[in-house]
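You will see two complexes here that share chain A, one where it goes with chain B and one where it goes with chain C.
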Partner chain A sequence: MANTEQKKIRVATTSLAGCFGCHMSLLDIDERLFTLLEHVEFDRTPLTDIKHCGPCDVGLVEGGLCNAENVHVLREFRNNCKILVAVGACAVTGGLPAQRNHLDLADCLQEVYVTEISLHNGLIPNDPELPLPLDKVHPLHEVVKVDYFIPGCPPSADTLWKFLTDLLAGRTPTLGVELTRYD
Partner chain B sequence: MSETFQLDGEDIPFAPGQTVLQAALSAGHYIPHLCYHPEFKPHGSCKVCTVKIGNRTAASCTMPAQAGLEIESNTEEMNALRRTLVQMLFAEGNHFCPSCEKSGNCELQALGSDLGVMTAGFRHFYPNRPVDASHPDILLDFNRCILCELCVRASCEVDEKCVFALSGRGITKHLVVNATSGKLADTDIALTDKAMQVCPVGVIIKKRVGFAVPIGERRYDQRPISAQALDDAPRPPSGSGVCQACEE
Partner chain C sequence: MTMQLETAQNPETLRRVAIDPISRVEGHGKVTLLLDEEDHIQQVRLHIVEFRGFEKFIQGRPYWEIPVMVQRLCGICPVSHHLAASKALDQIVGAHHLTPTADKLRRLMHYGQMLQSHALHFFHLSSPDLLFGFGSDMAKRNIVGVAAAYPDVARQGVLLRKYGQEVIRHTAGKRIHGTGSIPGGVNKNLSLAERDELLKDVYQIIGWARGAVHLTKQLFEQNLAEYNAFGRFPSHTFSLIRADGAMDLYHGGLRAKDMDGKTIFDHVNYNHYWEQISEEVKSWSYMKFPFLKVLGPEKGWYRVGPLARVVQCDFIPTPLADKERQDFMAFDAGNPSGSTLGYHWARMIEMLHAAEAIKELLHDDDLQGTDLVVTGERQEVGVGMIEAPRGTLIHHYHVDENDQVIRANLIVSTTHNNQAMNEAVRKVAMQYLDGRKLTEGLLNHIEVAVRAFDPCLSCATHALGKMPLQVELIDAEGKQIDQITRGVCDEPSSCC
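Coming up: the complex of A and B.
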C-alpha cells in the first residue's frame, strides 16, 4: 500500500437516538486510529463537525430513530453513502429508547415534563425548532436499506476494528461468535 | 455394536428410543435447539433443531433415530432457516439484551450470536407485556417469553404445582399464571422449584442476585453454545412426569 496517491475511503458517522457510546468505542481503538486515518478521511461526523454529508463510501450510524430529524439525517446518509452500517444496539433494535414503545407518547411527555414528582411548573417543550418526536422509536432497517449491522451496547473497539479492517481490505465483514455480542 | 445413523457425514450411535437430537447431543454433536431440555420429553415446538433428511425437513428433537438415516444439519440451508426463526423470536418479543440480567446466560442470545444473527431483520412488534413483580423473591418479565413451555412442563411434571400455562392462540398466545388473581404471589411457587431453573431466556428471574456473576463471565461468555452439546445430552428426569394435582 505504498501508493500514497490512492484515494482514501470517505467515511461519515452520526449519532441519532443514541448516547455516543458507539462513537466512544470507535475512539477506543486508540493508536489504531492512526492506521485508520492512513486509509480513510472523514466527512460529516461529530469528530469533524461537518454538518451535512456529501458522497461517501461508508456511513456509520449510531442510534435509532426517535424524532423527525433522525429520519432526515438517516435519509441524507442513505442517499450519500455507498455502504450504510447500523452500529450498536439502538441502531439495530431501537435499543434503550425503544423501551418507551409500549407506552403512549403523550403519556410519556406528560410524565416526564409535567407530572414528574420533582418538577415545579412543568411544561412540555414546544419550541418550533425542536424536532417532533416519533410515535414509536424505530431501528434503522425499518426506514432505509441497511447494508451491515454491528450489534452490541456498545460494540467493542475490537469489534469495530475487525469490521472496519475487513471492509477496508475488500472482504465481507465477519465478526464471528466471539465479537457478535448483543449486550 | 449399536446401530448408527449419519449426521453431516459422521456416524452417530444411538440407543433404542432416542431421537436424532438426543443421540447427537449424547455423542457430543451439536444441533442448534431451543425448546428442548435434557430432562424433559422433547416438545418439537420451536423448530430450531430442524434438520434435512433426504428431501424432507424434520424437527430432530422428536424425530426417532433410525439406522441408516442420512441427515444434514450444519449446512448453510439449515442454518439460514434457523437464523430466520431466531430473528422472528427477537422481533416478536421485547429482547433488550443490554438491560437484561440474563444476558450471557440466555439461550436465545447464545443461539443468535452463534448462528451469526446480526439483526432481527423484521419489523419489531414491541408488544406491551407488563411484568409481574408481585412475588417477594421472583420476578416474571413476560417481555422475553418465547413460549417454549419449559416452565409449564417443569412446574407440572416435576414440581407438581402447575403454576404456569399458555393461554390464547396464534399471535395472542401468552404465558399465564395459574391463580385467580393471575399474580405469581398467589401461587405456591418456591425458589427451589424446577420451574425456576429451566427458563432459557430471562422471564423467570430470582430477585436480588441479577449481577452476582458479572457480564463477561457467564455461561455463554466462556464458550459458545455450540461447544456445549454434551451438557445437553439427555439425562433422567428429576420428577415423576405426572402431576398429581392435575390427575385428581
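Coming up: the complex of A and C.
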C-alpha cells in the first residue's frame, strides 16, 4: 500500500454494457474498502454524484460497448485517465451481451416490442432521448487503447484488490494463475 | 395530475434539462425535464436508455445453461434471476415438488441475497441523502462521506452486505454469478463447517439489521412532514403472497390490492400471469409499462417491492420483523404506504426478516440432506416467479424437444415500478423544482425519488430496442456536447 503521506490516487469507474457484477465484486473487498479509501479518492463512479469523468490516475471500466453513449463515455474516460483498465469479460471480449452479435436487430425488436405474449400494444421505442444502439457489441480495445485487461465474470474481489494494491504501490500489477480466472 | 406531465404540448419551444446519468442507482437511466420561460415544468420523463437483448439471444441455448446465463442480467441481484429461471425450468423438467434440502437451500441463497442487496441499496447508495440532506454538499453526499461522518453506520452496512454475500457463496459456490441452483433442485448442500461459519455471526447481523430499521424510523420521525409528503402518491400494490397471507419472498400466489387496501385479486396461480397483467410500450423508454388488466393501462399501474410487500402482506413470519411491520403500519395511521421514502423503511424491515429467516434455516438439519434433485414428466412451458429485492420477477420459457429454448419472456422488478417511478419523479419535480432556478441540489431531489425505488436499471435493460436515427448528447446544463445523425454503424471507429 502506498505511503499515506502521498497525494491520494484519483480513481473513476463506470459500467457500460455490463451488469454491475464487476462493480459488486470490487465492493466484495468488504472492510478493505476503508483501507482503500485512505489511499484513493473517487471521481465519477456509481457511488458518487459526479456525472462526468475529470482528470484521473486510474479508470476502471466494466462492460463492453453496445450503444453510442457507451462509446462517448469510454472516450471521456480514455481522455481523462492515465491508466485505463478493462475490468471483466464484457469489457475484455464483449462478454455475454455480445451473444447478440449474430442476430439481426430488427428481428429482436419485433419480438421484444411487438409480438411478445404479455404486450398490450406493439410499438418500437424510437425517441431521440434513447441512444443509438451499435449493431454489434464491442470490447473496449477495439475503440480505445487499453492499458490493462482483467478477465473474469466477474474478476474476484481478491483479484481486484491485488491489482489495485500493486498499482498503488507503484508496482506493475501481476495476478498469476491463482487470481486469474474466466468464470 | 402527474400523468399530464408525461407529454408536453409543444416540446420544441421548451428548455431541456437532463439528469444524466442518474447516479447512485444500479444501471443506466436519465431523467429529462422540459421547462417553459418561467421555469415551470411541462414535461418529466424517466428514460431507460440501454438494451442488451437477453430474451432473444438465449433462444437456441440448451435449457440447463439458462440459470447461469440469465444472472448476467444483473450483478446486484444475480440470485433472483438464477432462481426465477430455475423455478421456470423446474416445471420444464417436471419437478413440481423439490426435495426439502433443495427448497431450503434455494431459500437460504435467496434470503442471503435479499440481505446483501437491501444493505447495499440503503447504506452504500441511499443513506447519504437521508443522513446529510437531499440538497447537501455533493462532494460529501456518498458512502465515503458517510464513512467519515458516521463510521459505525458505514461499517455495519459493509458488514451486513458481506454477510449476505457469504451466505450466497456458501450456497451458490461464488458470491456473484454462482451455479448452485439447477433445474429440479440444487447441486450441493450446506456442509456443517459452512453452517457453523455462518451461524457464528448471525445474531450480530440480526442486531445490526434491527438497528437499521430503527435508523430509518428515526429519520422518518425527525423529518415527518417532509418525508411523508415527498413524492407521495396513491397506487395499487402487487406481490407474491404465501397461502396463509404471510410475506414469502421465494414463492406464492399473486396478490393485488387497490389504493384503499381492498383486494383486487388474491392467491392467483402465477403460471398464467399474462391473464392478470399486460405491458404497454412507450416510444421514449426501452422499459415497458405493466398494468393490471382488469383496470386497464390508465388506471391499472401498481407498485411492487418492499413497500408493496410490507403493506399488503397479512404478517411477516419472523417475530422481530413482524413487530417492526406493525409499528410501520401504525405509524401516522399507516401513512408510509403512500410515501415514496417509506420504501427505505420497508426495505430495512425486509432486511431484518431476511436475517431472521437465515437464522431459522441455518438451524434446520434438512440443509445437510443429500437428496438434491428431482425430475418428472417433461413439459414445454415453464413460468418462474420470485420476489426479488426490488419486486416481483417473472421468467417464462418455452423449450422444444431438442432441449433448446425457443421463446423467453422476462419481466423484471424495476419494470413493474416504471409508471410509479415516473409518478414519483413528476411529483417531486412539481413539489421542489417548479418555477425555481435549478441547482444541483434541487436536481438531486429527483434522484432521491428514483433511488427510493432502488431501481435496477441494469436488469431493466435486458430488452432490445430500436435504433433512433439521431442521438444528441447533452450535459446536465442542457448544453449539446455531441450529435450523431448516422444510421446503425458496422465500424465503431467510423461512428461517433
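Please note the rule applied: the second predicted complex is superposed on the first by the 178 of 183 C-alpha atoms of A that agree within 3 Å, B and C clash if a C-alpha of one lies under 4 Å from a C-alpha of the other, contacts with A are read in each partner's own complex, and residues count from 1 in each chain.
Methods note: a residue touches a chain if its C-beta (ideal position, glycine included) is under 8 Å from a C-beta of that chain, and two chains touch if they have at least 3 such contacts.
Predicted model only: the values in this text are computed from it and were never measured.
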item	value
Fit or clash between chain C and chain B when superposed on chain A	fit
Greater chain A contact set [chain C / chain B]	C
Touching partner for A:30 - first (chain B), second (chain C), both, neither	second
Touched partner set for A:139, first chain B, second chain C, both or neither	first
Partner chain in contact with A:95 - chain B first, chain C second, else both or neither	both
Chain C, chain A and chain B - angle at the middle CA centre, rounded to the nearest 10 degrees	110
Partner chain in contact with A:182 - chain B first, chain C second, else both or neither	first
First, second, both or neither for A:122, with chain B first and chain C second	second
First (chain B), second (chain C), both or neither touched by A:153	both
Touched partner set for A:86, first chain B, second chain C, both or neither	first
Smallest separation of CA atoms, chain C relative to chain B, angstrom	5
Chain B/chain C common contact set on chain A	95-96, 99, 136, 142, 153, 183
Chain C residues touching chain A - in the complex, by the definition given at the top	20-21, 23-28, 30, 32, 45, 47, 49-53, 55-58, 69, 72-76, 78, 120, 124-125, 138, 141-144, 147, 154-155, 158-159, 161-162, 165, 174-177, 273-274, 277-286, 288, 290-291, 297, 396, 409, 411, 440, 444, 447, 458, 463-473, 475-476, 481-482, 484, 486, 488-490, 492-493, 495-496
Complex contacts: residues of chain A adjacent to chain B	86, 89, 92-96, 98-99, 101-102, 136, 139, 141-142, 146, 148-151, 153, 174-175, 177, 180-183
Touching residues on chain B, where the partner in the complex is chain A	90, 94-100, 103-104, 109, 112-114, 116-121, 123-124, 126-129, 215, 224, 226
List of chain A residues in touch with chain C within their complex	15, 17-25, 27-28, 30-31, 33-34, 37, 41-42, 46-52, 65-69, 71-72, 75, 95-97, 99-100, 103, 105, 107-109, 111-113, 116-136, 138, 142-143, 153-154, 157, 183
